[in-house]
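Each of the two complexes below includes chain A, the first together with chain B, the second together with chain C.
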Partner chain A sequence: MVNFAQGDLMMLGAFVAVTLIGDFGLPWVLGLLLSVLALAVFGYLLDAFVLRRVLGEPQFAIVMLTIGLGFIFRAVAGLVWGYDPQSFPTPYTGKSLRVGEVVVSYENFAILLGTLILCVVLFLFFRRTRLGIAMQATSQNQLAAYYVGIPVKRVFSLVWAISAGVAAVAGILLAPVSLVQPGMGFIGIKAFAAAVIGGFGSIPGALLGGWIIGIAEQFAGVYLPAGFQEMSAYGILILALILRPQGLFAQIQRKKV
Partner chain B sequence: MLLELKNVETYYGPIMAIRGVSLAVPEGRIVAVLGANGAGKTTILRTISGVMDPQKGEIVFAGEDIARRDPDAVMRLGLSHVPEGREVFPFLSVSENLRMGAYSRRDRARIAGDLERVYDYFPALADRGSQQASQLSGGEQQMLAIGRALMAHPRMLLLDEPSLGLSPILVHQIFEIINRINEEQGMTILVVEQNAHVALRHSHYGYVLENGRVVMDDTCEKLENSPDIQEFYLGMKDQMPRGVRRWKKRKTWR
Partner chain C sequence: MRFLFKTHYNQDIDHLKHGGDRFWYGLLLVLAAAAPAALGTFYLGELNLVMIYAIAGVGLMLLVGYTGQVSLGHAAFLAIGAYTHSLLLGAGLPFLLSIVAAVLVSALVGAGVGWIALRMTGIYLAIATLAFAMLTEQTISRAEWLTGGFRGLAVPQASLFGMPLTQGWQHYYVTLTLLVVTLLAALNILRSSTGRAMVAIRDSEISAESVGINLAVYKTLAFALSAGITGLAGALFAHRLGYLSPDAFTFLISLQLLLMVVVGGVGSMRGVIYGALFIGFLPQLLAIARDTLPPQIAQAPGLEPGIFGLILVLVILFEPQGIFGRWLKIKSYFQLFPLYRRATHRRQKTYLRTERLR
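Right after this comes the complex of A and B.
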C-alpha cells in the first residue's frame, strides 16, 4: 500500500511542531515528542475512519484516495497556518560541525543522525517484536493473519499511526532546512523515487535509493546545465524502472507464470 | 457435541452456497465432510470460522453461538482454521510463522512446549526453522499451516483439503499425523476433503455434501460400504451379473 499523502503528513507534523515549539514555547525535545504523538493518533484515526473503507478495493482506489487526502491536508494547513514559510528554534540552529575540510551544519547532521536512529529502531521493531512481525505477516497474507487471530483492522491502524509518527519526525528534522509551508510535502515524491529505486518494503533499499538520488542531484547541479538538478531524481527513477524494476533490494518477488 | 451447525445458510451475493446444513462434531473425534468441487465444503468452514457470515442458522461451539463473530474472536475461543492451499506467511521464516500461530497467547513457557510438539509432529520443519516459508515444498507448507494452527493450542481444528496438490505418499503422511494429533491430544478435528478414499479411512464419521446440502451421513465404515459412495466417490464400478452394466445409475438419495 503506497501512501501518496506521506509528504503531507510530514508537513502537518512540522506545522504542529511550529505551534508547539514556536508559538507555545515548549522545549524542542518535548515539542518533538508531542508532535509525533499527535500525528500518530491522527494516523490511527485516519485509518480507522477513512482508509479502512477502501481496504480490499483495487490498489488504484487507495492511490487516488491518498492523493486526494494530500490535497485536503495542504488546503487545511494553508487555512490554519497560512502560506508563509515558518520555522521554530532548535537547540542546534546556526551551529556547524567541522570534520577536517568538510563543514556540515548541525541541521543537516541532525537529519542524518535522526534518519539513522529511526531506521535502526524501525528495523528492530519489524524484525524483533511480536507486533512488528505481526505487521509483516498481515501485509503478506491478510487472510492467514485473520486465521491466526491477529486483529487485522487494529494492526492496519497501528501501521498508519507509526507511518504518520515517522512522517512527523521527518518534518521536524527537515523544518530548519527547508522551512515549514504547506507545499513542503512535495519532497515526498523524491522519497517515493528513492523507495522505488531501493525496492519497496526494504529499509536499507530506501536508504541506498535516497543516497543515490541525493548524490546524483548534487553532481547534476555542478556538472550539467541548469535544470538538470531538478530532473535528475526522476531520470534515475525512469532508468531504475527500465533496468531493475523490482528495485535494488526487492522484498516482493514477482510471480513467474 | 463440541461443535454443532443447525440449519446454516450462507450466500455469495445472490447465490446460495450452503442450503441449510446441520452437522455435529463430538469432542475428540475426526469428522470428515466429503463432496465434489463446488459442493460448499470450503464455504462451511469459512462460515464456522467467521470469515463469512451465515444468513440463517446457528453455529454453536462449546455452548456458545459463534455465528457472525469476527474470525479472530472465534479463533480465541479455541477454533483453529487451516485454510485451503497452504496460506502461510511467505516472507517470514518457518519459526516466525509458527510463532505467529500463537499470537493470541501470552504464556511463554507453554508456547515453547507447543513449539517442541509441533517440531516433533513435523520433523521436516525443525530442520528449516530459519528458512523463508515461500522456499518450502508444497507438503512442507501444508505441514507448516497445520503446525501454525496447533500453536494456538486450540480445542478443535478445521482442516480445509489438506491433501490438495500433494503426492499420494505425502497425503498419507499428513493424514497419519492428523490421526496422531487426534489420538495423542484428543484433538477434535473437522476435515473437508475431495479425496474420499483417504478421508474415510482416517476419520470416524462422515458427511456427504452435494450442492450445498447434506445428502448422507454415517460412520466412515458404513459410508465406505455404501454402494452410492463406492460408485460416485470411490470410483468403484459394480459389475452387474452377466457383465451387463446399467448405462446410467441414479443415486438413491435423489
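Right after this comes the complex of A and C.
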C-alpha cells in the first residue's frame, strides 16, 4: 500500500495543530498530542470507509486513489484555512542552541530530536510488538496473513492511523521552519524520493535517503547555478533508480519462478 | 443478441466486426467531418481540444491500459512535443516535417525513460516518471536560451501545403485526420504481435517472460510509442495554446491525462474518447456549477483540482472500469434481458504480496 497523499496528511496535521494551539490557545504539548490523535482517528476512518474498498484491486487503483485524495485534502484545506501561509507559534521559536562552534536553532533541533525519537519508537514497534509484526506480515502477504488469523482489515486501518499520526508529527515539526499552507505537502514527493533511495520498507534506509537528498540540495544551492537546487532531489532519485533500483538497503528481490 | 458466423480467420482480428459497427463508426466519421459546418467557433475549438486530449490519451492508454505501466509524467512528453515542434517550426521547417520530428524526439526521450524504468514496477515507476516530469519542467523553465523560460515561447504560424493554418476549422481537420490515423495505428499495433506482447506484459510479467517475450525490448518500445503519440498531441496542443510556458505542463496536466484514461475506462481505446470528452467539457460543466454554488466556495482558487480529485476517487471506488465499463454493463443488461447478473462483471481480486524476503 502506497500513499501519495502522505504529504497532504502532514499538511492537515500542521493545520489542525495551528488551529488548536494558535486559535484555541491550548498548551503546546496538549495541542500536539490532540492533533496527532485527531489525524490518527482521521486516518483510521479514511481507511475504514474509503481505502478498504480498493483492497484487492490492482495497485494502480490505489496510487490513483491516494493522488485523488491528496487533491481533495488540499482543496478542503484551502477552503477551510485559506491559502495564506500561516506561522506556527512554538515555545521554542527564535531560541538557538550553542554546541561548541555550531549554532543550531531550537526549531531544527526539535526536528532532529523528534525524528530520532519517532524512528526509535517505530523501529521498536515494528520489531517488538505483536501488532507491529502483524503489520509486517500483512504487508508481506495479505492472504497468508489472513489465513494465520491476523484481522487484515483492522490492521490496515491501524496502519493508516499510525501513518497519519506520524504525518501529523512531521507536519508539526516542519511547521515552524516552513510556513503552514495547503501546498506544503509537496515536500511529500521528496520524502518519497528519500524512501526510494533508501529502499522501501527500511527505516534506516529512509533516514539515509533523506539525509542524502537534504545535503545534496544544500550543496547544489551553494555551488551550482540557480535552479539546480529544486532539480537535485529528482535528479538524485533518477540516478539512484538507474544505479541501484532496489534501494541502498534493499529488501525487495526479484521473484524467481 | 448477435451471433457472428465466422468464415475466415481474419474476422477474428477485424476492427469492425459486423455491419452494425461499420454503420455506426461510418456515421460518427461523417458527423465528425461535418462538425465545422454545424458548430460555432467556440465549440469547434473545444472539440479540437478534446481530440488533442484524445490523441494524448491514446498514447497514455497504450502504456497504462495495455502495457500496465503507470506514468505520472506524461505532461513532460506533451511539453517536449510542443517545444520541439514550435522551435523547429520557428527554424523554418515545414509543418509536417516538424511534427514528425516532434514525435521522434518525444519517442526517443520516451525510450530513454522506458529504458531507465525497466527495473521498476508499480509505484517505483510512478515515482520515477513523476521525478522525470519535474525535472523536465525545471529544465524547460531554466533553459531560457532555448525555451524562453517563464517569459514563454510564441508558437509560429503553421502552414500546410502552402496554405496558412489560421482558421479554427483548418486546425480541426488537421487534428481529426491525425486522431484517426493515431487511433488506427494504435489499434493495428494492438492486434499485431507487438500489441499482444504488451498485453501479456500487463497481465503477468513473469508469464510473458516465460513464453519468450523480451521484457526490456517491449517495455522500452511501449514507452517510446506512448511518448511519441503524446508528443504528437503536444505539437498540436502548442498551436492551441499559441504561447508556450512551463506552467502549461504541470503535474496537474499529467493527472488530467491519467484521469482521462481512468474515467474513460482503462484498457479500451473507446474509453480514451469518452475520457477525452469528459475532461474536455468538464471545465464548462464546472463553470455552470460555479453559478449555482455559494460564492465563497465557488470562487475558491483550488476548487478545480479538488473536483478532479473527487471525480478520480469516486470513479475508482464505484466504477473502476470507467465509462466504457459502465457502457458494457448497460449493453449486456439489455442483450441478456432478463437474465443479466451483476456477478458477470465482477473482477477477481488479487491480494497484494510483496517479494520481501526478510
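Keep this in mind: the second predicted complex is superposed on the first by the 255 of 257 C-alpha atoms of A that agree within 3 Å, B and C clash if a C-alpha of one lies under 4 Å from a C-alpha of the other, contacts with A are read in each partner's own complex, and residues count from 1 in each chain.
We adopt the following convention: a residue touches a chain if its C-beta (ideal position, glycine included) is under 8 Å from a C-beta of that chain, and two chains touch if they have at least 3 such contacts.
All values reported here derive from a predicted model rather than from experimental measurement.
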Most chain A residues touched (candidates chain B, chain C): C
Which of chain B and chain C A:Ala194 touches, first, second, both or neither: neither
Partner chain(s) touched by A:Ile150 [first = chain B, second = chain C, both, neither]: first
Contacts of A:Gln140 with chain B and chain C, given as first, second, both or neither: both
Which superposed partner A:Leu237 touches (first chain B, second chain C, both, neither): second
First (chain B), second (chain C), both or neither touched by A:Arg130: first
Touched partner set for A:Val169, first chain B, second chain C, both or neither: neither
Interface residues of chain A shared between complexes with chain B and chain C: 140-141, 143-144, 251, 253
Residues of chain C that touch chain A when the two form their complex: 64, 68, 70, 72, 116, 119-120, 122-124, 126-128, 130-132, 134-135, 138-139, 141-142, 206, 210, 255, 258, 262, 266, 297, 300-303, 305-313, 316-317, 320, 347, 349-358
Residue ranges of chain A touching chain B (in the complex, touch as defined): 130, 133-134, 136-137, 140-141, 143-152, 251, 253
Parts of chain A lying in touch with chain C, wherever the complex brings them together: 1-2, 50, 53-61, 63-65, 67-72, 74-76, 78-79, 83, 139-144, 182, 189, 192-193, 196, 201, 226-227, 230-231, 233-235, 237-238, 241-242, 245, 251-255, 257
Chain A-facing residues of chain B, complex: 49, 51, 71-72, 75-76, 80-83, 87-92, 96-97, 99-101, 103-104, 134, 148-149, 152
